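Here the chain labels run A, B, C and D in written order, and each chain numbers its own residues starting at 1.
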Amino acid sequence: MAPKEPRYSYLGPVGTFTWEALGQVSGAEKGEWVSVNNVGEALENVLHDRSEYAMIAIENSIEGGVSATQDALALAPSLRIVGEYLVPVRFVLATKPGTPLDSVTTVAAHAVAYAQCRTWLEKNLPRHSHVPARSNVHAAQSMSDDGLADAAIAPPGITQHADVTVVAENIGDNPNAQTRFVLVQKGGLPPERTGADKTSIIAELPDDAPGRLLEMLEQFATRGVNMSLLESRPIGDAMGRYRFVIDLDGHIDDERVADALMGLRRFSPKLVFLGSYPRANGHRPDVAKPYSDDAFVDARAWLEALRTGSPEGA
Amino acid sequence: MAPKEPRYSYLGPVGTFTWEALGQVSGAEKGEWVSVNNVGEALENVLHDRSEYAMIAIENSIEGGVSATQDALALAPSLRIVGEYLVPVRFVLATKPGTPLDSVTTVAAHAVAYAQCRTWLEKNLPRHSHVPARSNVHAAQSMSDDGLADAAIAPPGITQHADVTVVAENIGDNPNAQTRFVLVQKGGLPPERTGADKTSIIAELPDDAPGRLLEMLEQFATRGVNMSLLESRPIGDAMGRYRFVIDLDGHIDDERVADALMGLRRFSPKLVFLGSYPRANGHRPDVAKPYSDDAFVDARAWLEALRTGSPEGA
Amino acid sequence: MAPKEPRYSYLGPVGTFTWEALGQVSGAEKGEWVSVNNVGEALENVLHDRSEYAMIAIENSIEGGVSATQDALALAPSLRIVGEYLVPVRFVLATKPGTPLDSVTTVAAHAVAYAQCRTWLEKNLPRHSHVPARSNVHAAQSMSDDGLADAAIAPPGITQHADVTVVAENIGDNPNAQTRFVLVQKGGLPPERTGADKTSIIAELPDDAPGRLLEMLEQFATRGVNMSLLESRPIGDAMGRYRFVIDLDGHIDDERVADALMGLRRFSPKLVFLGSYPRANGHRPDVAKPYSDDAFVDARAWLEALRTGSPEGA
Amino acid sequence: MAPKEPRYSYLGPVGTFTWEALGQVSGAEKGEWVSVNNVGEALENVLHDRSEYAMIAIENSIEGGVSATQDALALAPSLRIVGEYLVPVRFVLATKPGTPLDSVTTVAAHAVAYAQCRTWLEKNLPRHSHVPARSNVHAAQSMSDDGLADAAIAPPGITQHADVTVVAENIGDNPNAQTRFVLVQKGGLPPERTGADKTSIIAELPDDAPGRLLEMLEQFATRGVNMSLLESRPIGDAMGRYRFVIDLDGHIDDERVADALMGLRRFSPKLVFLGSYPRANGHRPDVAKPYSDDAFVDARAWLEALRTGSPEGA
């Protein structure tokens, strides 16, 4: 049970995209926000009861699944996703106060952010060099102190959190980029079904026989369950072995999803349930009649009547 | 409940292949055997409680499914198959006593039997004409009376049931031919699971969209359920609309079969369960681990733990 | 090459549904019409050059595929279907002149026709007995001579071909029933593609492994080829072995159909091509862009460029 | 055409894993080796004819596909993979000469290498901090100059390329880790088929309709083509849109592979062919008879005979 004032671990410091995501969580403003240095630390806090929740980035529209997050979740099956949050990803270039754009020679940035601004940098600062940083906000804050860089890639609100000058805005290559964050807790009940839900799992193929992936996908198709994400991640024990990170439309309390999960569990015992939770975009899937809860309830009653020789079976 | 001495309807008279099939039923010798003229009459007797059981031909290895039987079962969903029996199909040519083979000009035979002896007849009696008959035994018995034919195609034991001379043996085109019979009752519990069982159903596709048959077959494939028979029968309301007569390996009390039946019921509400019963040939299917009862029980427990937030779900 | 005045074999006598189908063939009125007793005789005539064409019934909307026709075609791979024709199936009850309906006790009919009028007969002539006949027209014509029956089931135009009285019309159980006939020749080129074509084949599964039928159907699905008929027929060598009679939308000169046929030939070498021919109902299938001829031509050019290192491959 | 002494771009400096991979290329010792700073630069050199070849890392057994490489290849369809090379991935910890392990506080390493040694570092240097580096060899070489770190993660042969002391060996978390490199050129013919080949492609689904991935995978399954790699990469224009990086068993000159590629091209016009090339591990796939070149040649001849009315079609 979460205490009255739950603790939330997030990739800090104040001002990061993760911090913005946490700001979307209803009721979180009353909790205690714990800034950490990386996803692993956030999840460890939850596993060891130093936090009730962790907010972590799980996917972004440019780079795809966040590998470190996916791998950490695959190995900590007691964790549960209980919510998802979308944050638009926009970048500015911040300099030490008074430094104009044309005198910038070194740019500090987290590797992911750096990759998303490459086009702008090549055009506007063709001779710059890159200084890798732990987080963009941290890079902006420490420029003046450590002198490692004279500019930093940072989120738009950076001037509230660091003494810097913004010399260029919207420097990201893709104006529609966004990052998907999830709120994670240890165990517990899934949030109640809303009708606009998502279920996340991680599955391994049972063996290397050809066609196994096809068979796995048919477990969903035969129950009318759509996938909104399918990512492969190497298991790491040998070249060519994968696990699959999958998001499904629907909730574990939807009959079709429950049936598909059981089918998948039989097909592949190495199956991790990450959670069922309301979708950030509120989209409600169209569920055809054969896959509705009613159809499942009817089929169970029909089978039961047949098995017991009851006349309804006729 | 069947009375102490149940009644069995069968296509008579004494001596037919159906009569031979009924002879294989354990305990039937104590019952009352009711000879009828066709399959429809046998099933009507059961539906209206004039017999407890009917023995009917459902498939033969030369002609395939017996259409009349399949169509009758599709329209009488309260009937249940409770056993299957295989009878080798061999034919002799019987004549009126004293008639030699080379003086035969007309041959009486049931249409199906006639079709199965065509090669022999064309070679040995190239100028004969065919007199259609209601049953082969009946044809042999009535030759002397009605004078419609001077020979009849008949089962090997015909001399016990009619005053005829056998002038040729093994005149069937295929020495391995056999017919599958099923014993049918009204409603009731399926016979107990033996581990070597068969389940028969009749299913309609939900609509005419392309790929529907593929989708139906995937309902079996994803549960590891094999088919030993798949026959199409026109529904009769329009050209190109079919129902499918299907035999599955396994019993309705096998988890994988029950799950496939429920999947099929959701996919296609027009589904008739004909019964689960011991296989005549005693063959026990190999069931791979993901489709075993254990796998289903485990998956249900796993799902339940996840839904209730119990630690076993982890 | 067909002579100036080709010969057409058909199931006679004049007035049968087959005779009606032949009347639909453009130009057939100038040819010689050869009446035969059964489908086997019609096909033999073509195989031995006694006729250029045979008109045969291949499917009806009540009874499904005509087994004898399907089996005969499976074993005569040099035959080619070159056209299809639909004939509405309607029945009347004809009696010997002067015999009223209420004095009828015996009804002559071909087995298929008899089956299609059963409901009417049970209601209106509950005590009649059935006299099997070679063809309905023949039965009507011979009633007066042989005295075997005092009524016959016959096609509506029977009074033009026999001296009978029609005592009841539309006695068939299904007012929309129709029979599909095909015109067959020996070898030769397929009729030209019209855009509204059908291709008929007979295929055997390569072996009994589970899932083979599913694999076969996927050969069509991956090329966007729809089936309008799928019937199973026992091969006859053992219980549970089938061949499949299949009608496809499209012509062998359609790229998607040709590609599917080659895929099927590799999958199952026991494949009989029965022919490509214009559809009787003139229906033109919607072919999605990936399955159009253009898509195939483009893909071949793309592959060729890649294989030869040409820049278009890029 | 490559000049007498071709130029090879690789991620330098001398001593990197990429440099080791290049050492495996037969004949490369006579060429000119061009050290570059990242994969993008290596590919640009090939595209602009500053190098004939580039050696690039494409997959590693711990982290999976190298995103930057995959994305670069997806956008440069004129590039062709002509060979693959496997390099075992082992790490040592190198310090400035004379620095013992227990006095290390800062560790320089490329992010990927750092991730692969985390377990060892947490156990042996729990209080260290990480200094991100462009390449491990570069980090080791620059330690003495820039003073940013007092240890570096480096490949085993580092002492040949830098003035450092190795204080720990085999510090990687996974002793079987390896990286797969590919040699890339611009356009040209694929290397000749060896019977142990691999074909790499990048495909986009044609649209977001459910089941599209299943349909794509069936293009391979129906031709008996196995996948040895399937990775999803976001396209980057919107959340939830992916392209798939796929390795197939076989060569574009294998009939089954060519046919699958054409099928895929029709299904999804956005298809990039990366190349067919000998497999590093020399594994020859088992090709079942229906998928052999002979089966394809036979099917084409059969179809041609049918289309032209030749008697072989029968």
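One rule holds for everything that comes next: a contact is a pair of C-beta atoms (placed from the backbone, for glycine too) under 8 Å apart; a residue touches a chain by one contact, two chains touch by 3 or more.
Keep in mind it's a predicted model, so treat the numbers as computed, not measured.
Common partners of chain A and chain D, by the touch rule above, are absent. Work out the mean CA point of chain B and of chain C, and you get 27 Å between them. As a whole-number value, the distance joining the C-alpha centres of chain A and chain B reads 56 Å.
Look at where the CA atoms of chain A average out and do the same for chain C: the two points lie 58 Å apart. Annotation for chain C: residues 218, 221 touch two or more other chains. Pairs of chains meeting the touch criterion are A-B, A-D, B-C, C-D.
Within the complex formed with chain D, the chain A residues making contact are 59-64, 67-68, 86, 111, 115, 132-133, 174, 176, 178, 180, 210-211, 213-214, 217-218, 221, 226-234, 236-240, 242.
Across the interface of their complex, chain A is touched by residues 77-78, 187-190, 206, 215, 218-219, 221-223, 252-253, 258, 261-263, 265-267, 273, 290-291, 295-296, 298-300, 302-303, 306-309, 311, 313-314 of chain B.
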